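Letters are used for the chains, namely A, B, C, D and E, taken in the order the chains are written, and counting of residues starts over at 1 for each.
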């Protein structure tokens, strides 16, 4: 019991679980989203305690920041569509078939059982058990970067990361296909204080984003965290209407989305043709290649996350809606 | 009571809460929140899997996995939210 | 010697944070609570930042802490301004709304 | 020595390939369609003749390729198969002529003839199947090919009949699948071999072998219209005349009887079947079906229904012959397979002519029909008399051998049964003849003689088959007559 | 040698997707080229497999526990070949049925991403990589489900999204437990690991996640609406191919991880039986043709799980082959049936089963294709479905599990019943007195499903070579 942080950990764990329960039980949706954002930040803090700074950064930036923005935008859209924008309508905004009490209790009991099973299995498992850290440490000199997480992300398991960026691309294609048209729920003007703030912070955020990207090769940071921070730039531009997406920009946007994936896959294949296997960067070029890929992937991620926030393909939807009668 | 024990159980608890929410919540937005909770719970478990004895360097592989998991989860959430928005505007369009 | 001063600064900073939180819980309506939050927490943050700066072992780190303080201060100011203007907007809509129920 | 081993495959493929071509033909190309039909039918008869001649020289044909490890798709042209193929090939040629005439104006002939040739291909496949697995494949194909023919008219009643037909035959198919599986699991092979394959299995567990016998015979019995499973046959009479003629006289019902023969002779082997004590209940079931079919036939007023019930009872003669487990009875059964086919097809075609030409569907309306359509009615009468068992005709030959077989197997009651059933046959055929010839149809004397309303295409086939009935009956002992051939076949089955 | 076919079969569709997304006007041509390229890569891979039995590509040059290895063996190449074949024919079939620009513009990138995901699943040997691939497939599939844009489609798409995210997260949780226990995520590690509390918990989580993705009986709620409301080519892809990826992973996991005991296998078989019976009843009750076909998917998946559980845990080394044959048969037949159903709906104007026969135009070719595909799904001989059912029943009978044989028989009878409802609609024509128009020529959209259905039927005759191909490189051995 000598560990000074023990009390802190217990408190933090309690707070995280309490917030999780509160997120699902509080009546007002807006409050639920805010509680969720706080939950995300606290869990990021917990991950810092578990000495996982990269993951904490990613969770805070993407898991909570961008997701929170998406949730708020969706809530705004739901309220706008149901016309309850002005008032703080607390009831849920979508048709609700009340789940009979019996079923929800059965579910709860069922999940309780699962939790018990998982907990006992977790306690039974070896703690601080076997892992791949030895192998990673051994292979790090050949990876071209010094920060282990970036090494794993962009060299040892580069295939996973490529597919992850493909998932992001698939998401933006799907979102563009689902939502269309120029009209968007009209956001109220944010006033000039916000303009001043935006004008002041935008350049700073860009600098911080690129700094994060650059530091990625030897300290916690990298493509995804940098990309998320740069995405914040996009979000602020969209919110403050400094940039309004127009149909003409679609071609550029499409290029930006596929830039990261295309270059990543292209480099992987080019490298493979020299008698090596895909993703096998030659040692001397490894660092430059990884940085090139990381930079472009960051740009792609930033533009994609901003487009996901905007949520629709900026195209003039033909007047009659019946274009899809399949 | 080392940190990884505490946070491991927290992760499982959060996953379970998310599971209950995903199964019983009727409101569409809340189900997305519940699923996101599940993903954070799974993230907890992986990060705990990476934790090594205090102050020793943690295992980087699960960290990379969780980062990938987070990015994948945000794209899935974005698509789900787009579907909710679309469904709502279609329903509103049909009602009036 | 430096550590004692730094811990003192951080302790007072923490006290200001507690004050801000108590203000958040006790004050009746949104405007007062905004008031308490921005003022108390802003000062608390400045003190903690100062304390940390004293303990920092390189000028780069001090500069970064300063940068953090600056941005958090600007952000919280803009944030509270936006919340206040939104609250004004919603109140005006409720003015002519008979069953105006106090929202949290 | 196996010369051109692919002859059986050619025979199968002729009608199999003809069906897509016939499907694809537009409705208007009637002349081309008739040409193809007749050409293919003639080609098939020629091939079968050549195959028959070859097999009689002792040539063994065997085409097989593996579908699953340990399981082949096997075509084998043994004498028993030749018997059945020749019957179906010849009768298919005649029925094609008949159906071309019958369906001149009807809609959807392309589809009709497509499925028609598909189902003949299935019959040929069943005949030449080298093992129970291939038999099963063509057994199911036959069901699928005949279902659209049964509901060709598309009326609500036809559909109901089709549904019942489908339920019976598909259930039979599934049970056969189960039986084949059990056989493969128990005996390790599903091949047909004259002495039977289940010798060591019988010794191990009798009960499993007995159950397997019940399952297999039951499955095949559905198509052979044994008593509990016969209900679909009369109901399926709603199909157009050529369908009921070819299918219910030759293809479907005979496939069932043929299946029973394969199972009893070549899966179990007659001695093992007897040792298992299963032949006695089978004979009993056959006897019951014979009597039941004849009794029901008497009560039926609709001509085609009466003929259907008579088919139910006639087919069971074959099952009886098989079950009696004596070589002579087997000869009688095999001969009856051919003779009954010829007789029944003549009657069905004649009934079709009556319905088509005079609109006569009921027995009660048959007064004076003989004078109105002399040719058709002459054919009908010869076939009816042959069926009853008048001495020189085909029916008598097979009944005679069945009776001898019964004596030889020590089952005296068989003679009584045969005599009784002949009497019952007379009871339901003679009134029809009496009405046709000796009653002058007073109330409809006004209508012109119906003869020229049905073209030669409808009149000729029944007459030719009637002549064949006479020929088969008269020259029973000629070298290539069916009877000779059955002796040759039975010699193989009983050679051990 | 140039780039190995494994990497190609994943990267060609990926580049195809990028091209079709960036150049929408040229989308159709580049998409077809990409699919053809994938077929070529898979063909070359099949030749290598025939020669070498299994092909390994350690990506990035890193050894297995650290890096990810792509591995192709008999079963994975069989699945790849089916996906490529069905995909090519569905793409040809889709050329006509995607009329308006928006659909055409978005069908191709989503479909090619789906293809990338599936090829990735079939070649991967790393658990977390499978998770990411499942997500690629999920997003592509939801995008395709919602392509038609109608309200029901969007609602079904949302339900499908929830189910697939939850399934994927359960799988991820399982991956977490595996890493906790054995510290590595590749299949070789799984085989070497001995069963412990954490591994069985992980297996349970992953199995439940996969059952949710494959829509086995109690977790099938999302499938009928999603597959029935999608456009014809989309539902053909969803029903024919997407469901198979999760089934494939299930097969892999069940052979690599020690199934704790007999009860889990029988439980899965029981769920399969439930799917067969419940799906059959629902199929008998539906009014709409595409919904009937979707319910038949639920039934067939149940059947595949019964095939898996037919001989209990002892028989697992053999029964996965029966399940694999059924998967291949169902993939081809179901894709053909959905395309045919789409064609019928386009020509007749509606897809209500009751008055299928009241329309004056009779899409004869599409109906003929539907009938042939139904024959393979019912499992009548010479079709591949029959071979699957035969090996299922044979294994069950040899092991003495008669109840699986009974359930399969009932399932077959029920499938005959609900398909003959549709056949009755096709064949009953006397009520339409008008002169029936001769079938209008051979549209390309008809040829594609026809070839698929013909393949499903005729491949039954080639069952022996298929089975021996599937067994190539079967025992995972200590390869990676």
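Heads up, the rule we're going with is that a residue touches a chain if its C-beta (ideal position, glycine included) is under 8 Å from a C-beta of that chain, and two chains touch if they have at least 3 such contacts.
Since the model is a prediction, treat every value here as computed from it, not as a measurement.
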item: Contact-graph separation of chain C and chain E, given in steps at minimum; value: 2
Chain connectivity with chain A absent, coordinates unchanged: B, D, E | C
item: Intersection of the contact lists for chain B and chain D; value: E
item: Chain whose average C-alpha position is farthest from chain D's own; value: C
item: A-E or A-B - the one linked by more C-beta pairs in contact; value: A-B
item: Chain whose Cα mean lies nearest the overall Cα mean; value: E
item: Centre distance in Å when chain C and chain D are each reduced to the mean of their C-alpha atoms; value: 97
item: CA centroid of chain D to CA centroid of chain E, Å; value: 43
item: Chain B and chain E, separation of their C-alpha mean positions in angstrom; value: 28
item: Residue numbers of chain E (touch at least two other chains); value: 66, 128, 132, 135, 139, 142-143, 146, 154, 173, 177, 179-180, 183
item: Residues of chain B touching at least two other chains; value: 15, 18-19, 28, 39, 45, 48-49, 59, 61-62, 65, 68, 72-73, 75-76, 79, 83-84, 86-87, 91
item: Sites on chain A at which at least two other chains make contact; value: 118, 122, 129, 131-132, 136, 156-157, 160, 164, 167, 170-171, 174, 178
item: Interchain pairs in contact, sorted by label; value: A-B, A-C, A-E, B-E, D-E
item: Residues on chain A engaged by chain C in the complex (per definition of touch); value: 31, 86-88, 188, 190-191, 193-194, 197, 200-201, 204
item: Touch list for chain D against partner chain E, complex; value: 23, 26-27, 65-69, 73, 107-108, 136-137, 140-141, 144, 148, 151, 153-155, 159, 163, 166, 170-171, 173-174, 177-178, 181-182, 184-185
item: Partner chain A, residues of chain E touching it in the complex; value: 2-4, 7, 11, 14-15, 17-18, 21-22, 57-63, 65-68, 97-100, 102-103, 106, 109-110, 113, 116, 120, 126, 128-129, 132-133, 135-136, 139-140, 142-143, 146-150, 154, 173, 177, 179-184, 196-198, 200-202, 204-205, 231-232
item: Complex contact set, residues of chain A against chain E; value: 117-118, 120-122, 124-126, 129-132, 135-136, 139, 155-160, 163-164, 166-167, 169-171, 173-174, 176-178, 180, 254-255, 257-258, 261-262, 265, 268-269, 272-273, 276-281, 323-324, 326
item: Parts of chain B lying in touch with chain E, wherever the complex brings them together; value: 15, 18-19, 22, 28, 31, 35, 38-39, 41-42, 45-46, 48-49, 59, 61-62, 65, 68-69, 72-73, 75-76, 79-80, 83-84, 86-87, 90-91, 94
